[in-house]
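In the two assemblies presented below, chain A is common to both, partnered first by chain B and then by chain C.
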Partner chain A sequence: MFKAIVSAETLTSALDSVSVLVDECKIHLEEDGLEIRAVDPANVGMVDLSLDAAAFESYEADGGLIGVDLSRLEDIAGMADSGQLIQLELDEETRKLHIQIDGLEYTLALIDPDSIRQEPDIPDLDLPAEVVLEGSDVNRSVTAADMVSDHIALGVDDAAEYFYVDAEGDTDDVHLELTQEDLIDLQVGPAHSLFSLDYLKDMNKAIPADAEVTLALGEEFPVKIYFGFAEGQGQVTYMLAPRIQSD
Partner chain B sequence: MGNAALRDIAVIEEIPFDDVEGVVAVDAHNWLYRYLTTTVKWTSSEKYTTAADTEVANLIGIVQGLPKFFEHDITPVLVFDGGPSELKADEIESRREQRETYEEQLAVAREEGDELAIAQLESRTQRLTETIQETSRELLRLLDVPIVEAPAEGEAQAAHMVRRGDADYVGSEDYDALLFGAPLTLRQLTSKGDPELMDLEATLAHHELTLEQLIDAAILIGTDFNDGVSGIGPKTAITEITEHGDLWSVLEARGDSIEYGDRVRQLFRDPDVTDDYSFETSLDPDLEAARAYVTDQWGVDADEVERGFERIEESVTQTGLDRWT
Partner chain C sequence: MSDWTETYRPTTLSEVRGNNKARDKLEEWATSWDDHRDAVIVHGSPGIGKTSAAHALANDMGWPVMELNASDDRQADVIERIAGEAAKSGTLTAGESGRRLVILDEADNFHGNADYGGSREVTRVVNDANQPIVLVANEFYDMSQSLRNSCETIEFRDVSARSIVPVLRDICRREGIEFEEEALEKIADDTSGDLRSAVNDLQAVAEDTSRLTVDDIVTGERDRTEGIFDFLDTVIKEAGAEAALRASYDVDENPDEMLNWLEDNVPKDYAGAELADAYEFFANADRWLGRVRSSQNYSYWRYATDNMTAGVAASRREPKGGWTRYGPPSYWSKLGRSKGTRNTRDGIAERIAEREGTSVATARREILPFLSAITHHCKNRERTVQMAATYNLDESEVSFVTGSGKETNKVESIVEDAEERIAETTVEHSGSAFFQPDDADSDGSEDTASATERPDDTDADRQSPASSNESSSAESTAETAGHESDDDQAGLNDFF
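And now, the complex of A and B:
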């Protein structure tokens, strides 16, 4: 059983943060909210999302599992204005999702969850450095780096106590340093890893500019990017594997 | 070339590239040939012709074709043909004759300035020259891609390597891989999109045949090494073999014959292959040297290969999250 009413904005934010990595996903309809975990086909980027029942206008579920084509569902959600409400109801018999937006009824055929790539195991990471900053700072770092290179280095200088972003292109370079004062919080530790901008750019799209974003980093380790949406009732954690420079 | 009629018999399904894992023993001539024809068809010849007028379109082809393997973390092992078997010599001769016909037509097309015809014919007149053979091997070595030299048919050797468990798939467009006993063959490795997986065991089970019977059926239809019996297509071949048991009984019942039938059969059943090879599956390409070789030494237009080299570079260094789980 699954029946819920949610604002278009909240649903769209949730879907967008998953669709930057995968085309299809499984959605767990738990009693206390939705959960999605997915990894991209190359096993480089992972998303772990939860949307609490409190983020919905109304929410009823009893632990079902559905498979969805994300772009389909995003298209439908896109039919609503951001403030509008979207009503979702699962028909267990036909395995279809009935969606209603202001009188518009849409019946979405679901995908067999077994046909969707297996949900990833979450890596067990012990990341020594933690940086808390505004979404807008992530955005300008990624955007500037993308002008010069395909990849970006994220690190923490544990002696001088600042977080830095480095991108080196063929001719131009980008460098940004943010000290404790510029950041919301900084937990210093040895950290320097290189990441593909292809992935980071996509993840960045899903990060609201005013969100408080936590980056957990290590030395040649995946980065964990954590932020909330829907007034803190939704949580997204991205994990991105580093590029390791071949010797 | 193999026999396309085998497609109607083989159990083939498209599989996602992500499901492919391990080592692919690639029939190098078959693979290179595909890239040569497309490169020549779509790229203007100055971009791969040296000052001394030597054509090295193969270098572009290799740089375009390899990233796919690297990106999916699959190890390609390129298996080169040795000397042609005696029977196949006929096929090579007839291909040579066909090429001569194309070359004559090409000369006419050039005279008439028919661009489309020129492009089409140029792609058909491609052959693996001595230079192509040598430069391909050298570039593969720089990219740390393993090479195996087959005593005869590259495809038979590739199948042998999969049977021994040293590789997971044969990579070939050629349906003959099935007859050489390749348990799993990946087709369309040179195309965009997902490959096709040809499954020997499933094929045999589907028709309730043994491999020996499948070979006999193929001989009836016709292979690279023999002309088939006229009037026998895939369906009839299977029915006849099922009914009569083997090649000779079918021929006897029909009053037909196949020249060298027993030798063709032997070529598939017991091809000339070697156990004398070794390779490492973790590759460490020297991209700088490979770039220099292709663009500086052989004068290939850097724009034509940069994307491919970048893709290799990117894929070699990108780790997967599974490393941390």
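And now, the complex of A and C:
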């Protein structure tokens, strides 16, 4: 059983943050909220999303699992104006999701969850450095780096205690340093890794400019990007594997 | 009810049956990957465990797998984004030092729009990779040479019936099915080297019985596509009419292609009267293929196939033996090579046709040969110039018709003269349009070139039908001039 009413903004931002990595996903309908975990086809990026029951206007579920075509669901959610409410109801018999937006009824055929790529296990990583910054700073770094290169280095200088972003292109370079004062918080540790900008760009799209974003970094290790949405009722954790630094 | 080929898929390399040598080679490739950093191509027939071996290898090495196969869209940008990124990135669990196995299944099969640019992109991914890549393919030589050269190669051979039986026995034990040894042997024999088919067949017959006997094995022998070269051997050297026809059912070529193959290779073994007979049948087959093309009734294909297979086999008059180097049909490459010549020929024929009021085919078939004979090697220079002027031919076209070299002074001077003549006649034709009408009367006497060539012609019969379509300027002057002014240019009929 699943029945929920949620604001269009909350639903779209949740879906957007998953759809940057995958086209289809499994949604766990837990009693205390939604959970989505997915890894992209190349096994390079991963998303772990939870949306608490409190983020919904009303929420009832008893632990089901559905498979969803994300672009379809996003299109439907896009029909709603911001501030409008979307009502979701699962028909257990037909395995279809009934969606209502102010009189507009849409029946969405679901996908067999078994046919969707397996959900990843969340790796337990010990990442020494942690940077907390504003979403707009992430956006600024990624956009600037994208002008010159297809990959980006994120690191923390543990001696001088600052977080830096490096992008080296064939001809041009971009460098950004953010010290303790520019950041919300900085936990210094040895960290320097190279990442694909294609992925970071996509993830960046889902990060709200005013959100508090936490980056956990290590030496040639994946990055964990953590932020909240829907007034803190939803949490997204991205993980991105590092590029191999070829010499 | 799950698919046994999935349930009993090997999870470690040691469970991969048959192909021990290839298996060990694959393992060695993986363990020494850090030293050589090459990709590997695993190739062999379907169903013998190539993909399974790759997955088992990843499992053994503890490497996460990224697989891209034919069920995915494999356009260049998809391959770049997914396989490319997977091959350049570390893993989520171990970061940069972590290895990931990239498996590109069916790397020899890139088809149609869904895979546009795919094979080229695979080569690039392989060359830029920082992670181990396994390319799985059926046909080694269907992959580009650059790709083959940049990879190590491991060949998987067909699994022998001797190796298939133990696998089947093992499955039966685990499923709790009693069996007769002969039954398993029969399955193994029938599937001839295809382990996956053997397991599927076993499941098909064992599903409903608790005891498996030979009589239960009703699954027929599997269709196997026969290679075209074996087929040629069968039809040309061995089989009788009926057997030859039957052999064609297993070949993966349509009748048009099959005819090309046969027609090109039969002369390597047949000679004299039997070859003539065989070609008689090819002619029949071709006629049927023509009927298929024009009527779109593909049931006629059967008559084409009858003729080209049974017909050829029946034409054989003495036993054939030994080994013949058969080759792919040269039909298309011949067409490709002769394209330039054919274009020149058609270009000339079109102009002749327009000028003489015939069809292009007639011009090509009935006029061009005569022109060639008349102007052979430009011996009759005057006629050649005349021809070049009439049909406005350039050097290469004159050389095509006459058979003289294109760059020779002879041809060049002829074309020059022809151009001059065209210029002259154009001025003449413009006649009263630009000058005083009083010179219209002298038209006939000015017409020296054609007058000397055709001394018997009278003014009256100069208007040959062939030269009736003249330039419009000539026609407009004709009215004011009051008599035919367009007869200074010889038509083709004047040659005869």
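Simple rule for what comes next: the second predicted complex is superposed on the first by the 246 of 247 C-alpha atoms of A that agree within 3 Å, B and C clash if a C-alpha of one lies under 4 Å from a C-alpha of the other, contacts with A are read in each partner's own complex, and residues count from 1 in each chain.
In the analysis below, contacts are C-beta pairs under 8 Å (C-beta built on N, C-alpha and C of every residue); 3 or more make two chains touch, one makes a residue touch a chain.
In this text the structure is predicted, and so the values were computed from the model without any measurement.
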Open item on the list: Taking chain A as the common reference, can chain B and chain C both be placed on it without clashing, or not? Answer clash or fit.
Closed with: clash
TODO: Identify the partner contact of A:A42: answer first if only chain B is touched, second if only chain C is, both if each is, neither if none is.
DONE: both
Open item on the list: Just checking: does A:G78 make contact with chain B only, chain C only, both, or neither of them? Give me first, second, both or neither.
Closed with: neither
TODO: Look at A:G63 in the shared chain and tell me whether it touches chain B only, chain C only, both, or neither; answer first, second, both or neither.
DONE: neither
Open item on the list: Per the contact definition in the header, classify A:A241: touching chain B only (first), chain C only (second), both, or neither.
Closed with: both
TODO: Name the contact category of A:F221: first (chain B only), second (chain C only), both, or neither.
DONE: both
Open item on the list: Let me test your reading of the model: by the given contact rule, A:P123 touches which partner, first (chain B), second (chain C), both or neither?
Closed with: both
TODO: Going by the overlay, flag which of 43-51, 295-303 or 313-321 in chain B ends up clashing with chain C.
DONE: 313-321
Task: Residues of chain A contacting chain B in one complex and chain C in the other - done: 39, 41-44, 46, 120, 123, 125, 196, 221-222, 239, 241-246
Open item on the list: So in the complex, the part of chain B that touches chain A is made up of which residues?
Closed with: 16, 18, 71, 284, 310, 314, 316-325
TODO: Could you pull out which chain A residues touch chain B in their complex?
DONE: 39, 41-46, 117, 120-125, 150, 196, 221-222, 239, 241-246
- [ ] Sort out for me which residues of chain A touch chain C in the complex.
- [x] 39-44, 46, 120, 123, 125, 193-194, 196, 198-199, 218, 220-222, 239-246
Open item on the list: Looking at the complex, which residues from chain C come into contact with chain A?
Closed with: 64-66, 68, 72, 81-83, 85-86, 88-93, 95-98, 100, 130-131
